[in-house]
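Alright, structures below, take your time with them.
Okay, so chain A shows up in both of these, paired with chain B first and chain C after.
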Partner chain A sequence: MRLQLAAACALLSGSPAGAEPDGDRATVVVRTAGYVDDDHTAISTSLVSVRARPVGDVFVSARYVADAVSSASVDVVTAATGRWTELRSEVSTGVAYADGTTSLSADYVFSHENDWDSHTVSAGGSRDLFGHNLTLGAGASFVDNRVGRADDANFHERMRVLGGALRAVWVAGKRDIFQGAYDLSRASGYQASPYRYAFVDDPAGVPIAFAEVAPEQRTRHAVTLRWNRHLLRDAALRSHARGYADDWGTASITAGTEFVVGLAPFELGANVRLYAQRHAAFYQDVYDRPRRYMTADRELSTFQDIFVGVRGRWIGESIAVDAALTGFGFRFPEFSRLPERRGLTAALGLVWAI
Partner chain B sequence: MRRAALLGLGLAVAPAAAVAPAACQKDLDAPLDPVELDRPFFDCRVQPVLTRSCAALACHGDPGRYFKLFARNRLRITGDETQRNVFMRPEERAHNYNAARAFVDRAAPERSLLLTKPLEQAAGGSFHVGATLYRAGNVFAGTDDPDYQVLAQWLAGATEAPTCQEPGSTL
Partner chain C sequence: MRVPRAWLALVITALAAGCGVRANQRGQLAKPKMQFNPAPEATQLEQHVYSYREGSAGGYDAGGGGCGCN
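Here is the complex of A and B:
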């Protein structure tokens, strides 16, 4: 069961920004995190990753992530179904070259769930210009998803995503760094959920359920700007804004900032992120009549969310320990089955430079 | 400070402005006419199959299900316990007809959930919670089941005279 928890998962598995201990040859990261929300969903995530420099300017990396999910979300639960649990595993490996001016990378990711297999290949490169004050980069990725349905031997669908990105980083001065990025992706294939049903008003007063039908093509555009401003003696304000639009009519804006202060050997941070989205053109909570495309995906409705978090990190000579706590709230004014969702994530990580 | 604030505001607004011109696909919310399937055949031949094999109160006679069915002595649209056994009301029949048509795949009728859900997976069916509830298997073991054939005939365009009165059709 693929949950729409991208934001939360990023919090769980991502490496907090900030200094890593300098490893001569290898860095090992172990991280565990928990997620719980009031939609009866809990996730436990464990991650281990290794990055090493076997020769010169070449780096290799490998990572394993396991998500244990337990959910009774309104997305899928009816009178016929109860709480379900499953394990999601992801392995990834990559190779990179970085000589201080030019960087190249290639990665492969395989992700497995009981109803979803995914293969991702990606490659990218960047080059520093003007005395390292400007970095330009580009990347591309291809994802091949095989979509199934739990316990269903006869449900097989495919969905492929081709993506590209352009990035620029500009060191504007001693205190300011700006980043800009444009991401474009094109998804083709099955993009509905076999578990969800859209409701259509019926003259009898009892809504009729229709299996979700979504367009088979989706083109997404995103522009992201980041601004890191150094403050005081050892503090920074890291802000970002993102605009997103796709050809389903969905559009969103994201804005966030994090204040980070270094109190060696500690680093403390507090962050807030706001998100607002306009619904897809074909989304309705309860449809007035059958439509060509119908969805019950609340992530395609108009909604807003807020994430507020704190984190801390202790950085030793060869070991760093970090912890983070984030609270979040979603408001779905167009999704009557779950008008609001609140939850917490907590993460604990260990970074060891060998 | 003011310059920094203006810069921050500009950075916040610029990404949204940059993606705003993205074009939307056409006719995403176009209405879809319901699948035209013979109503007399449904009332006379399909409804008895649904009543017999699907509409039990623990199954699709449970109002919490996505696919809800009304039937005599089972789920009723109105009334108290004393009225549970009255003949099916027109609005109940109309709801069942619409609910069944909603589970029809107009592009590939043989893949319709109305046919694949109650069919054993070994015979080409879909996962169905109902097949696991009583460990008795799915409703239809194979496509040669007479009741499966009734549903398949309806989806294939079979018709009945409006006067059709199959025994049990009022149940």
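Here is the complex of A and C:
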């Protein structure tokens, strides 16, 4: 099991181009996606979402997501357990107000799996200024996680995340639009894995395994800049960059771009995303001696990854169908049990505007 | 503190007012492909992969609950 520490920040896209709503009375979205890697892990995800406009400028939404995970990864092998499978279910609902200048939203998400329950509440708002050339937004979220351990009724831990976000969208010209964002979150509570073991070197022979221990507080900062530029007759270059740092010592940079071209009724795109991370201060592949904090989480090590993908969409009068295929590769120079990981993701979606 | 805030307000005002784009000039900006999050559900699924495979979080308008394990 791996902790997801991300706070669910309020949706503050705030696009002056009017991303939400689309003007229809209701929109139904059905999506399925698959993930497979050479670390013997496969994930299947299905999603159903309904957005409706019951009255005026008020919108409501509901969504169900199910993840089926099957894994015999190096973590599972290291823990001397067999392949496991589990199902995660997530339901969410939200209400929003958007009159073209001001938007307000509130959302609730509940997620359940056999060893993890999570409740998320979030709220946000935005306001267009200067003739819709500048949009400012802010939001906040709170996540309450209850962590368990399979086949251990006595294991109960909690982890809470309080988050905030600021957004600014700027229309810089007839072809250019920018977004700047700052996200802050503070996680408190249990942030290790009850299934993973860190290793301490034993000069006499085989390394000794210790249960993971992570700090109980983590403050995270992310600053993102996005730039969309319209090109040619009906194409766009969508680029983004993010800097991230937290008080565990982890820091990363993310950069990516996507080229999208419209060839009515089709839309085609190609994208690339690069990520590089510096390890948490207390991370070691094999510890020289027992430490206060020890982890075997390779996502806290120094590593790099790349995602390269293509996507296509057919857009009809009231229905759109899209598909995407992405290949990825990870390099873990500080995690000797899995130096590299490669895999594929695929997605298929249907959007029906009623 | 007052000086930086005043400068910030001045810069924002100048940028927003000096480079204003009128409504009749927004044809290209209004296309779905120019939006930052034109497909929220697809973005959620993509960001979920990144969030459980990388040590960073935040910044991309997507969230969710739960562990998203292993």
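The working rule: the second predicted complex is superposed on the first by the 328 of 354 C-alpha atoms of A that agree within 3 Å, B and C clash if a C-alpha of one lies under 4 Å from a C-alpha of the other, contacts with A are read in each partner's own complex, and residues count from 1 in each chain.
Heads up, the rule we're going with is that contacts are C-beta pairs under 8 Å (C-beta built on N, C-alpha and C of every residue); 3 or more make two chains touch, one makes a residue touch a chain.
Quick caveat, the model's predicted, so the values are computed rather than measured.
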Combined model on chain A where chain B meets chain C, clash or fit: fit
Touching partner for A:105 - first (chain B), second (chain C), both, neither: neither
Greater chain A contact set [chain C / chain B]: C
Touching partner for A:223 - first (chain B), second (chain C), both, neither: both
Chain A as apex of chain B and chain C, Cα-centre angle in degrees (nearest 10): 140
Partner chain(s) touched by A:126 [first = chain B, second = chain C, both, neither]: neither
Touching partner for A:280 - first (chain B), second (chain C), both, neither: both
Touching partner for A:202 - first (chain B), second (chain C), both, neither: first
A:183 touches, of chain B and chain C: first, second, both or neither? second
Partner chain in contact with A:242 - chain B first, chain C second, else both or neither: both
First (chain B), second (chain C), both or neither touched by A:295: neither
Per-pair minimum CA distance [chain C against chain B, superposed on A] in Å: 10
Overlap of the chain B and chain C footprints on chain A, listed as residue numbers: 221-224, 242, 244, 280
Parts of chain A lying in touch with chain C, wherever the complex brings them together: 1-9, 11-13, 15-19, 29, 31, 33, 35, 41, 45, 47, 49, 63, 65, 67, 69, 71, 73, 75-76, 86, 88, 90, 92, 109-113, 115-120, 122, 129-134, 141, 143, 145, 163, 165, 169-175, 177, 179, 181, 183-185, 220-224, 226, 228, 230, 234-236, 238, 240, 242, 244, 250, 252, 254, 260, 262, 267, 275, 277, 280, 297, 299-300, 305, 322, 324, 330, 345, 347, 349, 351
Touching residues on chain A, where the partner in the complex is chain B: 78-81, 149-155, 182, 197, 200, 202-206, 208-211, 215, 217, 219, 221-225, 227, 229, 239, 241-249, 251, 253, 255, 280-282, 289-293
Chain C to chain A touching residues, read off their complex: 12-13, 15-17, 19-23, 25-26, 28-42, 44-45, 48-61, 63-70
Chain B to chain A touching residues, read off their complex: 4, 7-8, 11-20, 22-25, 27-34, 62-68, 77, 91-92, 94-95, 98-99, 102-103, 113, 116, 121, 124-127, 129-130
